[in-house]
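Chain lettering (A, B and C) follows the sequence in which the chains are written, and residue indices restart at 1 in each chain.
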Amino acid sequence: MPETVLTQPAETATATAPVVAAVDIRKQFGAFEAVRGVSFEVRRGECFGFLGPNGAGKSSLMRMVSSVSPATSGTMSIFGLDPRTSGSQIRARMGVVPQTDNLDQELTVEENLLIYGRYFDLSRAECRRRAKDLLDFVQLGDRAQSRVEPLSGGMKRRLTIARSLMSKPELLLLDEPTTGLDPQARHVLWDRLYRLKEQGVTLVLTTHYMDEAEQLCDRLVVVDRGQIVAEGSPAQLIREHATREVLEIRVAASVVAGIESALSSLGLRTEVLPDRVLLYSNNGEQTLKDVHELGITTLSSLVRRSSLEDVFLRLTGRTLND
Amino acid sequence: MTTPVAVRVWEGQIRTVWNAWRTSVALSMTQPFIFLAGMGFGVGALVDAGDGAQSSLGGLSYVQFLAPALLATTAMMAGAFEAMWPVHDGFYWRRTFEAVAATPVSPRAVVNGLMLWWTTRVVVGVGGVAIALVVMPSTRSWGIIPAVVVSVLCGLGFAAPIASWTATRTSDTPFAALQRFVITPLFLFGGAFYPLTALPGAIRPVAWVTPLWHGVELCRSFTVGNSSPYGVYVHLGVLLAWCVAGYLACLVTFDRRIRR
Amino acid sequence: MSTGLLRIAPHIPLRVRRSTRLVERSIMVYRRTWMIIVSGFFEPLFYLLSIRIGFGALIGDVEVDGTLVDYAQFVAPALMASAAMNGAVYDSTMNIFHKLRNAKLYDTVLSTPLGPTEVALGEIAWALIRGLIYSTAFLVCLVALGMTSSWWVVLTIPACALIGLAFSSFGMAITTYMRGWNDFEFIPAATLPMFLFSATFYPLSSYGSYAWVVELSPLYHGVALIRALSLGEVEWSMVGHVVVLGVVSVIGMRIASRRLATLLMT
């Protein structure tokens, strides 16, 4: 009896066919509609991102793509298969990193990987080989025999990612992969994800972090309240939904109340945030001069290039880290 | 005047479990009736029909023999259980006791609070049995009051020593072994279901040492008669000795664990 | 023989083979706590000894269908059946609920090719394996204490497996409806009366005109089956008991895998 039944990508469709194709997907939880008609396509070998605030419906979408959560309506096709009828075949070719780590607390670090490989019908020897490589890959080699519970949050995250790679997936779903990681660990992880992409793995990730989206994603969609509000490459989105530069100023609390009307004469898009005021312009320094000419005293000011964060603010009316 | 700290610890325990307990109280009230119906009357009919059963049960019917003993076994079960998983829970999973160490509450107050809590728990646990004893004419007697007091001592006689040991454990694995090798055999061989004289002479002394048999004997003699004052003092003495020794041991081990 | 096996093996449905992965996981976990399983051998010993020493002496013989049977021999098989029930219920309720709600184990499992049916099958299989170990221990004690009088007693092992199957599928089905740990209070409320009133401690005839109530208890059919095998009073009517337990198993399994699907695949 063959021990290894690792499904090889059956090249049924052409190489350009999308890995994931979703048309008008909706997801209803009781009376509440978490996803309200979303369509998107993920192409082979790209890194595709879902960007959105808390409760936007990112995780709901991810769970539908991972074929464990049936869509209320709409059609979805993954590897050209229907998740409602071929969930098992789809999941065999996919790796999943859920938003909250669900490691097996009763097993050791290494055993977590071994048994996960066994769920994919890999032989024991193969599981051991892959587990060793992956533990090195996520720098947990020296913790192989440790229980899961005492690991730090970041270590658990890395182990979850290693686990998702046990089956050598063609498609990797990562729900907020770097939440809870320190900056250094985050950069290490980005590097690892880059390498996976180079090897031809298709990545789908969700994130709150603009820098992450800018760093990793070839294309992304901004999701808000269950709907897609923008779509494109990071550069494209910045071009379309923000200006070249952004001026950030801080003013005394007493001035904040009337500042919006005071600045209106400049004719620029303005965002008044609790701790600062943003002005979108193509020349930040010039705008700062204009502000001072209006007789507004600033406590501090900063001119920077606009980022996805600004796109996000523009599209959803909310900052990300609120 | 402020509430003594121990009372506040007790109150905390009560609050934690009250929600979980509403159904539990109702169910633990009905279970003794079911158990007595099945064992006392059902098996009792067979026992009472058997030859020579009357003499070996000291002239009691089987229901009279079994029902009071259930006060003591129920107290033992409740006390032993409470001293294992929930105490471990307090130290290890929920760490409530460690959290207490950061407040002015002393380890001694924690122990006092738990003693109060175990008392409550045992009283609630044996409540159903006590009601059953009062309902059945053949076991109805004012002796139920001292019998409930005795079952509290019996429960504490298990809870306190076991809790002092639990405080020294870092995992919950040995609890199953204690349950299996101490509590279950005592339940079966401790003189509740049949007289101790049925056991081989060599293992009877084991029963004499543990609190259960003394509890069983006292509950029986208070409710269905045949008590000798001498016997009562000896039984009470053993029960109290277990409670006090367990309490003192708890003071030591809880102090070590909490201040660690 | 071996070629025959090779020809058969690939036909084992993928589902069944996949569900054994969960058994593998359980073995991984229990490897570290084998003491708990081994010490389980002592429990039947204690119960059987207590019955023999205590009740045997108090009661002597009971009359079953016109023949006199030693009381200890009468009760021992019933205890074996009850132990199979209790073990299965424990494994399929507390254990499963913990994995379902606290440990989120099945969320992990469902991100792999395994589905809810495989989860249900795998967990029931594990409950059966544990039950098998336990009932073997029971059988060894029964024989060692001379509390059985027939070679048919060997068949009590598969009979216990059937009881285990019925109660673990049913227990699992019920567990999927549990809202919190508090609901577990109701399990002894169901198993205790069953334990006491399934012709466990006295013959069905003692229930008089209420015998039909006893026959509603699935445990009664397990007790009757095992008692007949242990006393060597094998007859065709026992097929009825097997059928009842089989039906309970199938219904329980259907409900369990359906409910797991709705709980996990939301």
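In this text, a residue touches a chain if its C-beta (ideal position, glycine included) is under 8 Å from a C-beta of that chain, and two chains touch if they have at least 3 such contacts.
Owing to the predicted nature of the structure, the values given are computational and were not obtained by experimental measurement.
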{"item": "Chain nearest the global centroid, as defined over all protein CA atoms shown", "value": "C"}
{"item": "Longest centre-to-centre distance from chain B, chain (CA-based)", "value": "A"}
{"item": "Where chain A and chain C are represented by their mean Cα positions, the distance between them in whole Å", "value": "47"}
{"item": "Cα-centroid distance, chain A relative to chain B, in whole angstrom", "value": "56"}
{"item": "Distance from chain C to chain B - Cα centre to Cα centre, in angstrom", "value": "30"}
{"item": "Touch list for chain C against partner chain B, complex", "value": "33, 35-36, 39-40, 42-43, 46-47, 49-50, 53-55, 57-60, 62, 71, 181-182, 185-186, 188-189, 192-193, 195-197, 201-202, 206"}
{"item": "Interface residues, chain C side, partner chain A - complex", "value": "6, 9-10, 17-18, 21, 24-25, 28-29, 103-105, 107-115, 264-266"}
{"item": "Contact footprint of chain C on chain B as seen in their complex", "value": "19-20, 23-24, 27, 30-31, 34-35, 37-39, 42-43, 45-47, 50-51, 53, 56-57, 62, 173, 176-177, 180-181, 184-185, 188-189, 193-194, 198-199"}
{"item": "Chain A - residues contacting chain C, complex", "value": "1, 29, 66, 68-70, 87-89, 91-92, 94, 96, 98, 100, 102-107, 111, 114-116, 118-121, 164, 167"}
